[in-house]
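This structure is in structure tokens; I'll ask about it shortly.
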Amino acid sequence: MARYGPMFGPDITFLGIDRCDMSDPASLRGAEIVVLGAPFDGGTSHRPGTRFGPSAMRGTDYKPHDGTRPHLALRTDALRDVDVRDAGDVECFSGDIETSIRRVEDAVHTVTAAGAVPVVLGGDHTIALPDVTGVARHYGFGRVSVLHFDAHADTGDIAFGALHGHGQPMRRLIESGAVRGDRFVQLGLRGYWPEPETLGWMARQEMRCYEMSEILDRGLNTCVREASALAMDDCDAVFLSIDVDVVDPGMAPGTGTPEPGGMTSRELLDTVRRVCVELPVAGVDVVEVAPPYDHADITALLGNRVVLEALSGIAARRQGGTWQPARPLLDGR
Amino acid sequence: MARYGPMFGPDITFLGIDRCDMSDPASLRGAEIVVLGAPFDGGTSHRPGTRFGPSAMRGTDYKPHDGTRPHLALRTDALRDVDVRDAGDVECFSGDIETSIRRVEDAVHTVTAAGAVPVVLGGDHTIALPDVTGVARHYGFGRVSVLHFDAHADTGDIAFGALHGHGQPMRRLIESGAVRGDRFVQLGLRGYWPEPETLGWMARQEMRCYEMSEILDRGLNTCVREASALAMDDCDAVFLSIDVDVVDPGMAPGTGTPEPGGMTSRELLDTVRRVCVELPVAGVDVVEVAPPYDHADITALLGNRVVLEALSGIAARRQGGTWQPARPLLDGR
Amino acid sequence: MARYGPMFGPDITFLGIDRCDMSDPASLRGAEIVVLGAPFDGGTSHRPGTRFGPSAMRGTDYKPHDGTRPHLALRTDALRDVDVRDAGDVECFSGDIETSIRRVEDAVHTVTAAGAVPVVLGGDHTIALPDVTGVARHYGFGRVSVLHFDAHADTGDIAFGALHGHGQPMRRLIESGAVRGDRFVQLGLRGYWPEPETLGWMARQEMRCYEMSEILDRGLNTCVREASALAMDDCDAVFLSIDVDVVDPGMAPGTGTPEPGGMTSRELLDTVRRVCVELPVAGVDVVEVAPPYDHADITALLGNRVVLEALSGIAARRQGGTWQPARPLLDGR
Amino acid sequence: MARYGPMFGPDITFLGIDRCDMSDPASLRGAEIVVLGAPFDGGTSHRPGTRFGPSAMRGTDYKPHDGTRPHLALRTDALRDVDVRDAGDVECFSGDIETSIRRVEDAVHTVTAAGAVPVVLGGDHTIALPDVTGVARHYGFGRVSVLHFDAHADTGDIAFGALHGHGQPMRRLIESGAVRGDRFVQLGLRGYWPEPETLGWMARQEMRCYEMSEILDRGLNTCVREASALAMDDCDAVFLSIDVDVVDPGMAPGTGTPEPGGMTSRELLDTVRRVCVELPVAGVDVVEVAPPYDHADITALLGNRVVLEALSGIAARRQGGTWQPARPLLDGR
Amino acid sequence: MARYGPMFGPDITFLGIDRCDMSDPASLRGAEIVVLGAPFDGGTSHRPGTRFGPSAMRGTDYKPHDGTRPHLALRTDALRDVDVRDAGDVECFSGDIETSIRRVEDAVHTVTAAGAVPVVLGGDHTIALPDVTGVARHYGFGRVSVLHFDAHADTGDIAFGALHGHGQPMRRLIESGAVRGDRFVQLGLRGYWPEPETLGWMARQEMRCYEMSEILDRGLNTCVREASALAMDDCDAVFLSIDVDVVDPGMAPGTGTPEPGGMTSRELLDTVRRVCVELPVAGVDVVEVAPPYDHADITALLGNRVVLEALSGIAARRQGGTWQPARPLLDGR
Amino acid sequence: MARYGPMFGPDITFLGIDRCDMSDPASLRGAEIVVLGAPFDGGTSHRPGTRFGPSAMRGTDYKPHDGTRPHLALRTDALRDVDVRDAGDVECFSGDIETSIRRVEDAVHTVTAAGAVPVVLGGDHTIALPDVTGVARHYGFGRVSVLHFDAHADTGDIAFGALHGHGQPMRRLIESGAVRGDRFVQLGLRGYWPEPETLGWMARQEMRCYEMSEILDRGLNTCVREASALAMDDCDAVFLSIDVDVVDPGMAPGTGTPEPGGMTSRELLDTVRRVCVELPVAGVDVVEVAPPYDHADITALLGNRVVLEALSGIAARRQGGTWQPARPLLDGR
């Protein structure tokens, strides 16, 4: 069988959904969303382990892996209401970053070209470069904006003597023209990186960055509304890139470069849901879940739920759903 | 000696309070609150371990186990100001769910009939069925409402071919008439369970369920005020059932079916305090603390504090206290 | 689909071997060995968690799950050289011990009757009763001896008011006549259980028990040779029941009732290999792997390797192999 | 070499800053801030381990230890923009509390007298007594107010038969006159300690204590503004004493006496930043980080970031910075 | 009530045995063995946490705490066959080493003078000084030999400027004359401490030290036989001091100064059993169990079993038992 | 400063020894042994994390980092008696295996050419290729034999499409001629890898491999004596490559591909000591210590002790010491 399946551990799919096979174009036909893993952690600057992120996010759940997940609030069952398939992992040798990036980009592009939304399970954030590029090759460079949830800007230039790594993808995306700097929006930044020179470069690209203090002071809902408007201004679609370290390490310890002072899990889940219901999402990645540093699988489970919120939001949008957070659960339904 | 004591580990009582003995009615006389353990985890659908919940909640505290706990904000010492005793554990063989449920119901009813408020330490949520039924047998079916804090509705029908388990107690309570469906209020629900059919059943029972998004959007205080009013409408008392997984797993990892996106510990503690000060509470259970998945005892400690908040709230109410969250700690006292 | 698959987590098989389906007799045809899980932990007297043992033992390995495992010393690839299939889990609701025992016994009997050797992944040791009984129903009561590796004799009478549980299966097996007391051999016992009365009962059954001090003093090889001779005296086959707690808890912490002072992992692996090469093994169970108490999966991995040693030993025996521990690895092969 | 360096582990400095040597006055000359460790945990009433706090807070960071940390929001690099040095650890034998307290006080006074702000890394909270006294000896008794973030009031009288310990420093400070009771402000208190008698003593000293419920109800910003005003009323400077247990144990498990229901990490970081930007801070201590109970270093990392926020706030204040939380990150800078 | 009970956590006794009260001499009358805790960890040079050793060793067991523990191999039930009581903890403030040592010595002497064998649960090894001195005050200085199991010689002179600490008790005991240097036997030493000067002092005292390499090469049984003979040459009794770090940290991680390359748990348990059966033991301490660094309680459980082996060996000796390791478990008994 | 220092964490040296700088040849002059780190984990086939191995092995010890470690049994202080320096880490970007290998080889060759013995701290086992090649470039290809302690043969051909990785270095070394196949000796192999084809290749190279069963049956001492003789037959020196996974994962869990059934820590330490005392060792590497999977630092500490045994053995040999395991510790010294 050509299908590679997960690189590490048993050959499972995301919560038991059907498989497809990147090497068999026919198996992609009709898919609306394709989940694929990028178990690469050779680009991390500190703690590795995200190579186990794809299998952890696919398999961590206390419910049966039966290919159904009815969303309580949205009243949609993404795994059934849209055609979601799992293409297994892109083969990523962590010791060879160049080859790995190339393979991921090709896989993402293939999925996009087949008419499906790619949902990529990382892996470290290195893969945002091929993830977004793969989508942009289809939509056209500059036509897809990025909503980027992260503690870090990931706009570094060179690290360890290399152009690529988990601290640099966003710069590479803007440099290549895949994404317009002024349509690159970041939420959740904090801490002590990058240094002023890089911040200067970011300002010159006209990026919009919401540091946590601004979010706390102005309110997350306000910032998200503003960010969404910016993302949809003269762009055709949005790529949603979610680094799990945007959540406070106290709530999501299983990650490689934890920065205290983040969002709560609740805030991230609600925001992902909202963005996917309200905006035309062309691709998603969820990255930096590092199981070796997790406890009781809480970060893996959060990653799984972030993916499910994205899938559910996309499904709800396709079914005409809207964002109504205050609606009582059992109200007239 | 007839007293069984805790099933697992040394024979301790909740923070060193006095003992009573379910097999010796005289030992219950005069008790206002009776703590009892239900170390049953045979009903869990996923991670077991709550059999160690009772001993963990009784014993996890950094202060001496001296039978005194002056509540800083409420200015009451529940362990001294009301007559609280610990009846040890009801013998629960996790391999036999029917017998265990029957024993817990009898014990809870005995306590209630003796004029005391039972505070049951779980155990998995299976025990809510005997806990509430035991109280309702005394007050009359339909006369006690339920305030239920949980990530899950626990209104499933059949699981693993069985009528009982930790996902079904609330349905059984409404079916039996022990509790009116329209006086069953749930706060903190989220995630991907139950499926639409069960939600339909819940709607038909006229249950009121506050999903986390509604709570976030409308404010916890608003929802609690509304829920409290509903619970006291044509009912004589309230049973408070608290599943520790209502708190975010990032803050309370030691539980069996963790669902990301919950309340903070602070929110739960404040809410329990408020409910117990403002409403006539006839029974309490605190369930689903699973020590094997805990870290540094933080979930066990949270369980202990939830129990203490309930005891302190009940004590404050009996002393005429009111809910004044903004009052400065040292203000004129 | 009739096949149940694992009760918890994704539907995987032991290291990727082919599936069979207990409800489809045709799928068993030709199988030489059938792996099946018994994810039951309702019978444990202390720490639960063995319900996750089957999936942990199936999936914990650093090599690809590709259905091949060439044994370095025995030069056999059990997963390829014999026909090994995985029947998934027997549905075991931990809250109902009677039903679970009945189901496991039927499944084991079906496998044996189909001509295959059942290899049962526990679960707690409660399942030794149905495991051995299921085999004995086929071979005839009294015709199968038991080699039992364990820290505990598991010959208790009643616990928690119940006849069944993980401390009583060996008594039930002898009482029912499934196994002759004088062909029941235990290795690795130690500690403070059972009490003299039960030891008296065991002596009257003429059981042979090797306590760890005897093993240390006389040598493990000597004891195993003696035990093997006894097991094959007027019996047709041997059932091998391995409680992972026979290994020292320092090396195998992930278990429910750890008793310090056990064997090393090396000693257990070599002994299992030897027994399976030298004796006609009619059934195997590997029990008491409790992942919640494990660290870095070392006990799960040990369980996986114990299973593989058994499979490899059985395969080597079928290929005419013999026990030659001193033979150099690359010697003339 | 006279320099002691860290008592435990390798001789490192806070994120690689330059060293100074308490025994060599010349090495302090010109320093604006001096970091020093007080690895003492003999005063804790429960879980020890804070002796490893100084090395954990110095060394836990995913970025290179290169003596530079540009603060994203404040746009200052405290490690470069002010003269910060690390004096290593004060020798603290945890078995001798009296000697340890004396040594810490002398060291802190030496630093203050040399014109630098001491930033003391604990250790348990016992050290607040010598920390604040050492500063007050320079500024004059009663001239320095205290802003104290903690779950506990630490105003006990005698514990374990001793005057000193981590539950008593604040009483000792007020008794000695080092700090005026009515300029001693506490934020974050909660739980079940101290008892009414001690609360009475605190009220008589006219201390101002913000319990968590008040903070939740009135808002953290409001309380901090009020507290800051009080602290600066007829005092010359503020000492900032931060017990990491003010944060919820769910987010900061690595501490000795965890009390559920605390602040989030985000709230603490923002508040420390604000206080240091807005008030003249004469000394800081960060205490009760207990690595043995930590997970994935999240509490150590939080401690490191609390120190960095304090250093950055002090640096920003010296550069004329102000508290503007809503300012966009890249706005005109 | 005068009885202090455990300093930390609930007031339990060793596996449920009866209590006695050091402040009530009558309660000691008739006791043959008295267990007492010394929860002191202020003397450790590295990782603290042994203050929780007494409660951990008293309470860690998977069997009921019912005051009975029939030893499988020795066929004695120490908790019933001899009069064993638990005196609770000696109050030890870890911040005051001098006072703590004095209190422990007085308690041990009181027990010994009452005719009972003290079994002291540490705490760090500092307490060997008062433990042995307390016994020697009764038997006469120089009349009691010491068998000392440890990775470290604990014969240092001054550490952290102090005479006392967990690295110095053995020197203090020889200096004071409480124990003759040539009747001080150490087994299990290894690693990189102490330095040659201290080794020279030890040689001059004519101590006999079995380093692990000698034990491995000559055999543990040979060394123990030799050591026992030496210990009984012109001495009236033996004090057995067991530092759990004599076992390899791989099997006993929960300790403060782990030194790789130690004994197995099996070897320690067998040796303790043998020594207590064969020699007149006048006192025992089991020290350096540090729960914060333990996993799944395996070190605490090992400590519990070491205590039980000592109690069982003493009981067996009083009943005329002998050391017969090769005797089959069920042989004629 | 040219010196890179450790890539991760603070700039420390092995237990506080002096530094040298690979970019400054003068700093190597006179060095007898040079420690250098190779924090590369991009070549691992499963769990990463060995990038933190160098800092963990340098810094994990409970004694002061003071550049002195007197070996108890050998009576040598390697850190003082020979000239040992620490060159920091070779810069290894885990995402680029080719560059990393080249840099490590150059560094090792530079050290060897300067007349010192390189002791390389891994990193995953990929680095054995540059480690041994760097030494062989100096001594001559085929003149250095290898003693390789490991659970795995590491003689694979291609993995993940790459020639290099932690499963292939030994094949590359023999293919290049750096080491003669018949002078490549492996001890500790076990498990289920490699497959027969690779074993055939190994046999054709005339490698000598001691599987654990042979070691158990014939005795470790016998095997080591035999292996040493082979290694010194027509070779000038020995390279000692130690994968910490040769020890049982129960005792050394912190590694990437743990294989149950290994040596004890004691056995490895004694063997390393003996080999370094008896043979002319030209280079050493200690690899596969993966801190993310460690518990209580026991594997890191074991790695540190393996390094110290090697240094001490080399030092003792230079001082004319011999291997006398039975000599009493204090005997005439």
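Each chain carries a letter (A, B, C, D, E and F) given by its place in the written order, and its residues are counted from 1.
Everything that follows uses one rule, which is that contacts are C-beta pairs under 8 Å (C-beta built on N, C-alpha and C of every residue); 3 or more make two chains touch, one makes a residue touch a chain.
Protein identities per chain, from UniProt: A, B, C, D, E, F = Agmatinase.
Since this is a predicted model, take the numbers as computed values, not measurements.
S.K.: Which chains are shared contacts of chain B (Agmatinase) and chain C (Agmatinase)?
M.R.: The common neighbours are A, E.
S.K.: Going by the touch criterion at the top, tell me which pair is linked by more C-beta contacts: B-E or E-F.
M.R.: Contact tally favours E-F.
S.K.: Using C-alpha centres only, name the chain that sits farthest from chain F (Agmatinase).
M.R.: B
S.K.: Between copies chain A (Agmatinase) and chain B (Agmatinase), are the contact residues mostly the same numbers or mostly different, with half as the line?
M.R.: different
S.K.: If you average the Cα atoms of chain C (Agmatinase) and of chain E (Agmatinase) to get two centres, how far apart are those centres in Å?
M.R.: Using C-alpha averages as centres, the distance is 38 Å.
S.K.: Using Cα averages as centroids, what's the distance between chain D (Agmatinase) and chain E (Agmatinase) in whole Å?
M.R.: The computed centroid separation for chain D (Agmatinase) versus chain E (Agmatinase) comes out at 40 Å.
S.K.: In whole angstrom, what separates the CA-based centres of chain A (Agmatinase) and chain C (Agmatinase)?
M.R.: 43
S.K.: Chain A (Agmatinase): which residues touch two or more other chains?
M.R.: 46-47, 248, 250-251, 264, 293, 295
S.K.: With touch defined as at the top, which chains are paired up in contact here?
M.R.: In this structure, the chains touch in these pairs: A-B, A-C, A-D, A-F, B-C, B-D, B-E, C-E, C-F, D-E, D-F, E-F.
S.K.: Show me the residue ranges of chain C (Agmatinase) that touch chain E (Agmatinase) in the complex, using the header's touch definition.
M.R.: The contact residues of chain C (Agmatinase) facing chain E (Agmatinase) are 45-47, 189-196, 199, 202-203, 207-214, 216-218, 248-251, 253-254, 256-262, 264, 293-295.
S.K.: Can you tell me which positions in chain E (Agmatinase) touch chain C (Agmatinase) when the two form their complex?
M.R.: So the residues of chain E (Agmatinase) in touch with chain C (Agmatinase) come to 62-63, 68-73, 75, 77, 247-248, 250-252, 264-266, 269-270, 273, 295-298, 301-302, 305, 308, 325-330, 333.
S.K.: Residues of chain A (Agmatinase) touching chain F (Agmatinase) in their complex?
M.R.: Residues 8, 41-44, 46-49, 51-52, 91, 93-97, 99, 126, 160-162, 164-165, 292-293.
S.K.: Taking the touch rule as given, give the residues of chain A (Agmatinase) at its contact with chain C (Agmatinase) in the complex, in rising order.
M.R.: Residues in contact with chain C (Agmatinase): 9-13, 16, 58-59, 65.
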